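Look at the two complexes coming up: subunit A is in both, with subunit B in one and subunit C in the other.
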Partner chain A sequence: MFLHIFSYRFKCLIRDKQAMFWIFMFPILLATLFKMAIPDVGNLEKFEPINIAVVNNVEYQDSDAFKSTLSSVSDSASESNLMFNTKITTEEEAKDLLVNNKITGYIFMDNGPKVIVKESGFSQTILKGFISNYLQVTLQYNNVLEANPAAMQNFLSEIADNKSYIKEVSNTSASPNNSLVYYYALIAMTCLYGGMLGTKEVINIQANQTPQGARVSLAPTNKLKVFSSSILAATVIQVSIILILLVYLKFALNIDFGNQLLYVLLTVVAGSFVGVSFGAMIGSIIKGKESLKLGILISTTMMSSFLSGMMWLDMKYIVTNKFPIMAYINPANVISDAFYALYYYDTYTRFFINIGILFGFSIIFYLITYFTMRRQKYASI
Partner chain B sequence: MQVFKTYFKIVKKNILSISIYFFVFIGISILISGQIPESKADTAFSSNKSPIVIFNYDKGSNISNDFEKFLSKNATIIEIPDEVESLQDALYFRKVVYIVRIPNGFGESLKAGNDAVISKTAISGSEYNIYMDLLINKYMNTAKRYINNIPNITNEQLNTYLEKDMSVEADVKVQTFGETVNSESNIKYYFNYYAYVIFAVVILGVTTVILTFNNSEIKKRHLGSPIKLSSYNFQVILGSLVFTLIVWALICLLSFPIYGSAAFTTNTVLLIINALIISLVVLSISFLLGNVMKSKSAIDAITNILTLGLSFLSGVFVPQELMSDSVLKIASFTPTYWYVKAVNSITSLTVWSSENISPIVNYMAIQLIFAAAILAISLVIVKQKRSSNQI
Partner chain C sequence: MVVNVKKLVKRYGDLIALDHFDLEVKEGEVFGLLGPNGSGKTTAINCILSLLKYDKGTIEVFGKPMSPDAYDIKKDIGIIMQNVAVFDELTVYENIDYFCGLYVTDKEKRKKLVNEAIDFVALNDFRKFYPNKLSGGLLRRLNIACGIAHKPKLIILDEPTVAVDPQSRNNILEGIQKLNKQGATVIYTSHYMEEVEQICSRIAIMDKGKIIATGTKDELKAMIEIGEKISVEIFNKLEHIVNDIQKMSGISSVNYENDLLVIKSKRGNNNLTNILDYLKENNISYGKIYSELPTLNDVFLEITGKKLRD
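This part shows the complex of A and B:
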């Protein structure tokens, strides 16, 4: 009996075109759009040598100190020091390059280096910082010369030999690639869309909703038994759909989930449980037609995906910091946070808290479903 | 005008599902308008300050304290408790891009000539990282050179020298070349998102009504009624147009209370005209969908793919300048791409010359061509359906 219902519900669900579109096709399409539109943050922030020009005038020709300082961070410099791609041009050429956005700015020697740019920005700030540094060293040279002329030799050798006073310490092995939040929220949304299957299973045993429900209610079988085998079919479908989505994300779109396959699977199962049980709960407590139930399900799903950062990345951070409770009771956020913790943290505490919350949610949702549906009788339908 | 009246009766029945998008949009706009700082077009250069966190565990040392002061002048200091998780979160969401830790005894060991290092946590390979490294090493190397080359330098002397040196800054001139200045107002985001909302709301509203009218039994009844077909069609089209105009007007009007004085500019007039044009494109798309599609659920699916797809592809959500060229090439076959391009040009418009305005007019014209082409296709389909007796 159990297997019979399971296999038939399984077939019914995967032939439901509408549900399959929303749970299966829609997330894959959306992920593809994300991939096309959302720039790879790693590349966006990555430092690229800045294109600049120097106006080749008499003062530049005569300023050996400036020439050598500039060339130490320009084209000939080793890769770790390379900051600028420098072109030596006439003033007209430099202006032309700037107008056409070929360079960030140019240096014009007129009683010391002056910088000409088109707008304020980060590359411009770096260029300014570099020139300021040059001026500051010149000033220091004068200061030292005044205070202790004997040390000049040593001072000059120290200028040539800049030391680094910084040691990098990292708390994690993963790079903080924040565009992943979009994909994590997308997976969370897909998990919650699985609620459609849960709702469909519920209306399928409610006599006032579907003819099948009426027929099932007549049958001399325990309703709980029927329900649990059909909800199992829904969960199995949901888990497989999410797995396909993950495979697509990982291999077709190159999205990184970290390397802990088993933990990823655990998250998928927990997420699917929450999704299906959430749908079942909505299906049981909302009185009304199927379209109303599904409408409420989809709008709550969209709202929780939004709050977990699917449309606007910063939203997740704002909610987590300003309304921490909201972050914990929003199932979409808990699912995406589990992926985030798995990818980004080297410890598992936060991950397991999330997984625990997810299973806790499913239990609560199923209990609510159970208590609303049990002993439901229909005087007339 | 019975048909026209019925049109709005149907809209009224579905007002809840239609208005969801509308309210979510308004909510998001209000949220975002408070979050993104306005950047003003300026002829003076302003340095970019990166958000950083400093933990000074060497409060006893003047050298370290002066260094902390130097950093706070050159970066925006964010206060975050020294807990691994909150720091990691802040770094991930770019609330900070660089975390500096000055270890206990740093000042003393720098002075004594021992190995003194500051630890940092940053986004490796990023430009913030390079710049902050540059700043810190510059300061430290300068300090170290004073310590090494001026014997018995006191901490006060060192600080005076450093403060003086570091206050010297390069002379940077911002030169504008008689073109538009890069100014960004949040109203730009509002009108970019407008494309998404108008697609969602109008397609949903118009197709719902047309689908109801196209129900074959209702249609047969209409054909049997003593009303001219042309008048019937006219009223349906008029209804759709009025519905679209109402949504357009509502959203445009709301920009005034949300953005206040920023919205009262001549640029806003152009933005509103541009918004009207894309609304006409959406109207023709809805008309097409309403006549081609047969079921409500198919329309829901298409609406979502179309609105999200167009929005993501053409830069409604993600700024166009961040997208790759190949994606933009594909996007140029969509009307929203031209809409967003027009919004961007309008918001950065400062000089009203024909040279600056004509590309905007071109972008609008392209959208109108889209509208006309789609409308033509849907009229052909409607005609064909009627002549082949498919009711």
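This part shows the complex of A and C:
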């Protein structure tokens, strides 16, 4: 009997075109759109050297100090110090390159280096900052040389020993990549979309919700058996769909989820449990038509995904910082945070807290569903 | 007794849907529950099936108290609801197999039963069709097949012919009679008196949650005063005709509407002859003339003062 119900419910759900679009096709389309909108996810925060030109005039030729400084952050620099791709040109060539957007700006030596740009921006600010820094150090050098030549040695060793008082500490061996949060939130949304399957299963076994439910209720079959086999079919489909999505993200879109496959699977299973159980709860407690229940489910899921950073990355951090409780009771956030913890932390404490919360949610949602559904006679149909 | 309901009361807030409702259905009969929309037929069926809570009364099916977990009773009941209860994602065969599988676990036995049900409702050519590809009539037949595939001893049909074409309606009614001949007891609810007259061996007429009359169709018709309804086509109404006929002995009522004089007479002989004699003596020209026996609608009208489909 259990297998009979399971196999037919599996068929029904897998053939439900509307549900399959939202749960299976929509996340794949959305992931593809993300990939197109953020093409090189892995290199999003990587610094690209800025293209500049230097006008090759007499003053430039005579300025050994400037040539040496520029060279230390240009073509001959190590990869970590590389700031500029520098081209030595005539003034006309430099102007042409600037007009045609081939360079961010050019340097013209005229009683010291002058920066010529045609618009303001991030790269232009870096170029200007570099020249300002150079001028400041040169001025200090000249001042020291004039005032106290004996102190020159100390001055030179101090500017050579340029200290930074901010230290970046990484919690993981993985390289930081904030845009992964988009994909984590997408997976979380897909897990919660599994709620559609849970809702459908619940309304199809309740006599006061659908004619099919009435027919099932009249059969000499234990309701808990029908419920558990139906929910199992929904969960198996949901887990399978998320696995296909993960394979698509990893192999077709080259999204890196780290190497902890078993933990990733555990997250997916826990997320699917939450999604299906959440849908089952909505299906049992909300009175009204199926379309109303699915509408409430989808809007709740979208809001939940929004708050977990799917549409706007900073939202996740705002919610976590300003409303930490909200972050913990938002299933989409907990699912995406489990992935986040797995990728960014070398310890599993945060990951397992998230997994525990997810299974806790599932138990609560199923208990609410059970207590709503255990009633076998209805006041009205 | 297959179904025995006593003093059943069901309230929806201030509205009394079933008011001390009594029902006895004997083994082997096709029992008709006839009443206008909103009279409480479906509520009564849902209470009998333990889907609805009720306020008072007792319900026994196959001699045992009915309850939601009375699986030994439920296994012998087949239900065909007013709304089609099938899954759009399953084919005709799969739908019948799914619902039959809730009653019969043996695969081979189930296969045989499903095939028999498909034969019974003549859906053999549509086995692999999905419900949304079936016409309204075929869909109703599928709905019936899903309810009777497990060969129940008691079959309850709640308005199964609503929005069905005449051909499918006849097919459904013939099917019900066939199921009854095969040994099933049938409860059939409808607001179509013609259907109930055609197939039911005993009928209960319901109004406002109460049974107002029970019996065979002849017993019900015998309960009322009207014995015959005579209709005469007269194109020129003369006021005195209505008054004259009204004064004749054995006449209950006379109405003239749309060129038709409708005379309801009490039981007795020569009613038609007396009318014809009167028309001849007074040189009144007339067109068609015909006489009918009273219908269940007349029974309902006389008892409640309103028509069945009001």
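The rule we apply is simple: the second predicted complex is superposed on the first by the 313 of 381 C-alpha atoms of A that agree within 3 Å, B and C clash if a C-alpha of one lies under 4 Å from a C-alpha of the other, contacts with A are read in each partner's own complex, and residues count from 1 in each chain.
Quick note on the criterion: contacts are C-beta pairs under 8 Å (C-beta built on N, C-alpha and C of every residue); 3 or more make two chains touch, one makes a residue touch a chain.
Note that the coordinates shown come from a computational prediction; the quantities given were computed from them, not determined experimentally.
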item: Partner touching more residues of subunit A, whether subunit B or subunit C; value: B
item: First, second, both or neither for A:Y317, with subunit B first and subunit C second; value: first
item: Which of subunit B and subunit C A:S123 touches, first, second, both or neither; value: first
item: Touched partner set for A:R15, first subunit B, second subunit C, both or neither; value: second
item: Which of subunit B and subunit C A:A214 touches, first, second, both or neither; value: second
item: Touched partner set for A:M36, first subunit B, second subunit C, both or neither; value: first
item: First (subunit B), second (subunit C), both or neither touched by A:K377; value: second
item: Touched partner set for A:M1, first subunit B, second subunit C, both or neither; value: second
item: Where subunit A meets both subunit C and subunit B, residue numbers; value: none
item: Residue ranges of subunit B in contact with subunit A within the complex; value: 17, 20, 24, 28, 32, 35, 42, 45-48, 84-85, 87-89, 91-95, 101, 110, 116-131, 133-138, 140-142, 144-146, 148-151, 161, 164-166, 168-177, 181-182, 297, 301, 304-305, 308-309, 312-313, 315, 317-318, 322-324, 327
item: Parts of subunit A lying in touch with subunit B, wherever the complex brings them together; value: 18, 21-22, 26, 29-30, 33-34, 36-39, 42, 44-47, 83, 98-99, 105, 112-126, 128-137, 139-140, 143-144, 147-148, 151, 154-155, 158-159, 162-172, 175-176, 178, 295, 299, 302-303, 306, 311-314, 316-318, 320, 340, 344-345, 350
item: Subunit C residues touching subunit A - in the complex, by the definition given at the top; value: 12, 46, 49-53, 68-69, 71-72, 74-75, 77, 79, 81, 83-87, 89-90, 94, 97-99, 101-103, 105, 146-147
item: Subunit A residues within the subunit C interface of the complex; value: 1, 4-5, 8, 11-13, 15-16, 204, 207, 210-212, 214-221, 226, 376-381
